[in-house]
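Next up: some structures, all given as structure tokens.
What follows is chain A paired twice: with chain B in the first complex and chain C in the second.
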Partner chain A sequence: MTQSRSWIPYALILPSVVFLGLLFVVPLVQTLWLAVSDNGTPSLANMTTMVTDLNFGRSVLNTFVLTLAVVPIQIIMALTMGSMVAKMNGGRETILWIWTIPLGISDLAAGMVWLSILQNTGYLNSILFGMGLIERQTAWLTYQTPVALFIGIAIAEIWRGTAIVMIIIVAGLNQVPKEFKEAAEIFGASPWTRFTRITLPLIRPALQSALILRTVLAFEVFAVVYALGGRNFPVLVGEAYNWQNQNQNYGVAAAYAVLIMVISLAATLVYLKAVKVDPERLP
Partner chain B sequence: MANIVIENIKKSFGAFQALKGVSLTINDGEFVSLLGPSGCGKTTLLRIIAGLETSTSGDVLIGEKSVIGLPPKDRGLAMVFQNYAVFPHMTVYENVAFGLRMQKADDARVKKQVEKAAGLLHIEPYLDRYPNKLSGGQRQRVAVARALAVEPGVLLMDEPLSNLDALLRLEMRTELKTVLQEAGTTTIYVTHDQTEAMGLSDRIAVVHDGRIEQVGTPVEVYNHPATRFVGGFIGNPPMNFITMPVTNGQVAAGSQQFAVPAQGGEIVLGLRGETVERAQSGQGLDMQVRVAEPMGSHLLLTGSIFGQPARVILPATETVKNGATVGLTLDPKRLTWLSPESGVSYPAAA
Partner chain C sequence: MSNTMNTSSTAGFISARRLLFWSGIVALCAWVLVPIYLVALGALGGRTGAYQWPKNFLPTDISLQPFLLFLRTEGVFQSFLNSLGAAGITVALSIALGAPAGYALARYNFRGKDSYRLLVLLTRAFPLAILALPLTVSYIRLGLYDTVLGVGLIHTVLALPFAALVTQGIFLGVPRELEEAAWVFGCTRIQAFFKVVAPLALPGLVATAVFAFVISWNEVFAASVLTVRHRTLTAYLLTVLSESPMHYRFAGGLMLILPSVVFIFAVRRYLFAIWGVSSK
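So, the complex of A and B:
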């Protein structure tokens, strides 16, 4: 009975496989080919153009530094926020709801929100001026103020992308029965020890998912950066966009796309190894 | 040293009162069982003593010191959780070692204590395994070993043997009793298994509906239950309750007459089924036997006395036919008399 119907699950997932194949694998192969070919013949010309471009080094550096700055802060903030709501009795849902508002806003809109705060005529300058801290409007987002620009972009990214990490972490925390923490407490573990020795190991799967998702998204950062810094702060996706639209050079744009994919895959592999999840050690 | 005094503890969850004023004193080194049906508040009381739950009112003293407001780790106790709470991400060894690690014990002491506790609970073969791969009973023993390994002054156990097979449970019971007695550990042991409570305890506290109905030695609680509930809850078969008419302070049971603590009206006789003897023909208290079941070690009779349901036990050598009427002789020293209105028993005759 069950034997003769073993094709059913395959039949049921077939549409999604076909769908993904058409809309993901085909473009992927096309992009790969575009990146490593020139006028239909295999060539590394696009790669060479990409690597020797003036903005290449800066965009790689910027993307990595931004990712390294933003992702750890987001994870730590999400863990803190998640642990705080876990201790609440009433009002939990409301707080979570407020915290996840940035999730409902598109990248570009988020960039615009922060632009309205940080631009010359923005809220930040108005407040600083109102308090008498600055004499005249100060520019924060220019080529001449790279640190301020970087901090502005990082804050906007953190504001926009922490909610998704928090949702995953809260879900992970909810899976940990309170008895484990209570038992640790009885046997003398301090709050910090309980967090590091009990909670963190038990939310490893959620942590792993959050890290992978957030890092991959961080390497794909674009709209927020574009809204705030334009080309003052080149990042990988931004370069791909420019080669595609400004320069109309699809080959180099494809080379960037492939590079981003390779970096994301590498990061994912690193996480899968570093934050290993052993099903034997889960509740 | 580590005696426990529980003073008028009340606990409400919203509008629901889980504990309605519980007072209990446990002497240093004493083994006290909390015995009661499911949902009566045993775990709640244990969690309040441990400091995992706050009481609505009342006080808990451990070693003469109030511990209300102290975090669990400062109360000097260990606990076995009803659902084990064995850490899934640590090996059995590290689970048992957890309390000692938190006390910063050196490796030699950890090893010695873990091996001792593991040996006692027969879990040495699993020390390197993760709890995920263990059966419920094995996990439960890991939880007990974890608590014993720290050699606590006070040990709280919430149904620690509930998942073991009968044979292993009997063995663990004896071993637990021995080590805890040797170590002089003050123990509160939650169970709803009355034989376990009877066998292990210095004293039993019978809990019912958020209250302690009676505290006493197993023999006291068995022979002279304070209330109808206690008599009905303890013993197998449970105590029989037979309402009888009183005339001039006397109750007549067949040819026997008993002086009772009431002048007239009615009184309830609490009768343990195994305290009766078969009377000479035509004498004694009549029992209409519906079913007679030879159990091997004894003969179990189910039927009615004074028209009220009753179960009694006769020696295996007796034979009784289904539907027969047998006369029973009662032992005046082993009867309990209860008020029909309140269900509370009268003090045992001196």
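So, the complex of A and C:
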């Protein structure tokens, strides 16, 4: 590239920089300011209202427990699926397509799908009734059945959110050279050793970005919870939504938003540190 | 699995493993497909189907009538159009803004390239839809509140970083030599781009557009916060959720699922190429 053309890349990225500046950076700063101000002066009133709210403790706990339950299961399922398709010859494309269908399904729709199964006259109760395990319709999604409601929400989240993890991991697995595995096989490594000593270290970058993406999304969980349990299972984003839309209190909603952002950023940093990616060991 | 293989114990062991393997595959396929089948039964079963007890797992009492009735419910079709509008704006803007950035990242080395990549990656660590909360105030001031354009703009924030990273990978896949050859034969840079690079990059760009569409189509939170009367389908379904009868909820779920499934099918070849690139 000649020196006189050096403005070209800047002209090409400028529109997106301006756009992200206006609709990402500015709202970000506004959120921070809204959260720590009251009528234009610095104040911790919103934070205090948030922390002393009856639902605060429960929504923090629920969001964390849900994330801790869902993300590891999704990673394990995705690794299993990835290893399975790696062994297939025929029909690989079809199976992969079926497994990626949930990628196109919104969390709201996923909530409605599992509502049709878990509601009182739903399919789960019909099966349990047919097997003689229950005598009448049983409610699973109420305030009185917090554990069942939690499991229902977790299942719906796992059902919907595993596809994206699987795609990232399969993309990572595709980049692992066959020779590495063949060499290990010749030297007599068992399948489990090959998986833990060869495959896992080599797909670390994929694993890292899958973990970051899924965890940030898990802390944003909202519509699936709302569709299944209404307000019976408070989560952070749901509380932000209620403060904004029902209570019209933008300050407290912003305080929740800041809390969610801080948690997401902290999780990202933890993953960047914990799942070290050594560029020299990459294929 | 054929039983003739069970003549020796080793063969029997292998076929048992194969049986286990394929049972796993089938079970995982059922795990994905059966819930969709069941919500479709719910959507096509109408009111009587929703309260039928115990449920029939076979599609005996279904018809399109209940679903068509749902489509004619006030607000449904309009919100469907609004969703299409917001998704259309998202597709147009994220490609128009993201593809040039992706091209710059793929073809040029410039100061600030790493900072730009950092900005794009940073958006990933943020729950972006949350940004709709402070935008309410600015949107009211700018007249964007409760408009399809406003929703399309915030959805573009979600789709743009993705589009920039993915198109970078797509343009890296178009050989630079072809473009330089076009310059030699007298094309201007712009002509070379549209006559040589764009046709080769087109399938990948279409796949990126489809993803931008799905991102917008499925987004619930920002759309619900930023609209009141001009709701997108997800925002509409969320707000009427508590008042709607069960079979309407299932019909809404099915209506949200169908277009995305078709789109994912259309771009299935690109799924792994795209995510392989964007997860680097």
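In this section, the second predicted complex is superposed on the first by the 279 of 283 C-alpha atoms of A that agree within 3 Å, B and C clash if a C-alpha of one lies under 4 Å from a C-alpha of the other, contacts with A are read in each partner's own complex, and residues count from 1 in each chain.
Just so it is clear, a contact is a pair of C-beta atoms (placed from the backbone, for glycine too) under 8 Å apart; a residue touches a chain by one contact, two chains touch by 3 or more.
Since we're looking at a predicted model, the values are computed, not measured.
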* Sticking to the clash and touch definitions up top, decide whether chain B and chain C on chain A clash or fit. => fit
* Of the two partner chains, chain B (first) and chain C (second), which one does A:Ile95 touch, if any: first, second, both, or neither? -> second
* **Spatial angle chain C-chain A-chain B, Cα centroids [nearest 10 degrees]** => 80
* Applying the touch criterion given at the start, work out whether A:Leu79 contacts chain B, chain C, both or neither, answering first, second, both or neither. => neither
* To do: Classify the contacts of A:Ala218 with the two partner chains as first (chain B alone), second (chain C alone), both, or neither.
  => neither
* Asked: Does chain B (first) or chain C (second) touch A:Ala255, or do both, or does neither?
  -> neither
* Asked: Looking at the overlay, what does A:Ser106 touch: chain B (first), chain C (second), both, or neither?
  -> second
* To do: Classify the contacts of A:Thr193 with the two partner chains as first (chain B alone), second (chain C alone), both, or neither.
  => first
* Spot which of chain B and chain C makes contact with more residues of chain A, would you? => C
* Touched partner set for A:Leu118, first chain B, second chain C, both or neither -> neither
* Asked: What is the minimum C-alpha distance, in Å, between chain B and chain C after the two complexes are superposed on chain A?
  -> 10
* **Interface residues of chain A shared between complexes with chain B and chain C** => none
* Asked: Okay, in this complex, where on chain C does chain A touch?
  -> 21, 24-25, 28-29, 31-33, 35-36, 38-39, 41-42, 50-55, 57, 93, 96-98, 100-101, 103-105, 107-110, 112-113, 116, 119-120, 123-131, 133-138, 153-154, 156-157, 160-161, 164, 189, 214, 217-221, 224-225, 234, 237-238, 241-242, 246, 249-250, 252-253, 256-257, 260-261, 263-265, 268, 271-273, 275-276, 279-280
* Asked: Of all residues in chain B, which touch chain A in the complex?
  -> 50, 52, 71-73, 77-79, 81, 83, 85, 87-90, 98-99, 102-103, 130, 132-133, 146, 150
* Complex contact set, residues of chain A against chain B -> 177, 179-180, 182-190, 193, 198, 201-202, 279-283
* chain A residues touching chain C - in the complex, by the definition given at the top -> 1, 6, 8-10, 12-13, 15-17, 19-20, 23-24, 26-28, 30-31, 34, 80-81, 84, 87-88, 93, 95-109, 111-117, 119, 121-123, 125-126, 129-130, 137, 159, 164, 167-168, 170-172, 174-175, 205-206, 209-210, 212-213, 216, 219-220, 222-223, 226-227, 230, 237, 240-241, 244-245, 250, 253-254, 257, 260-261, 264-265, 268
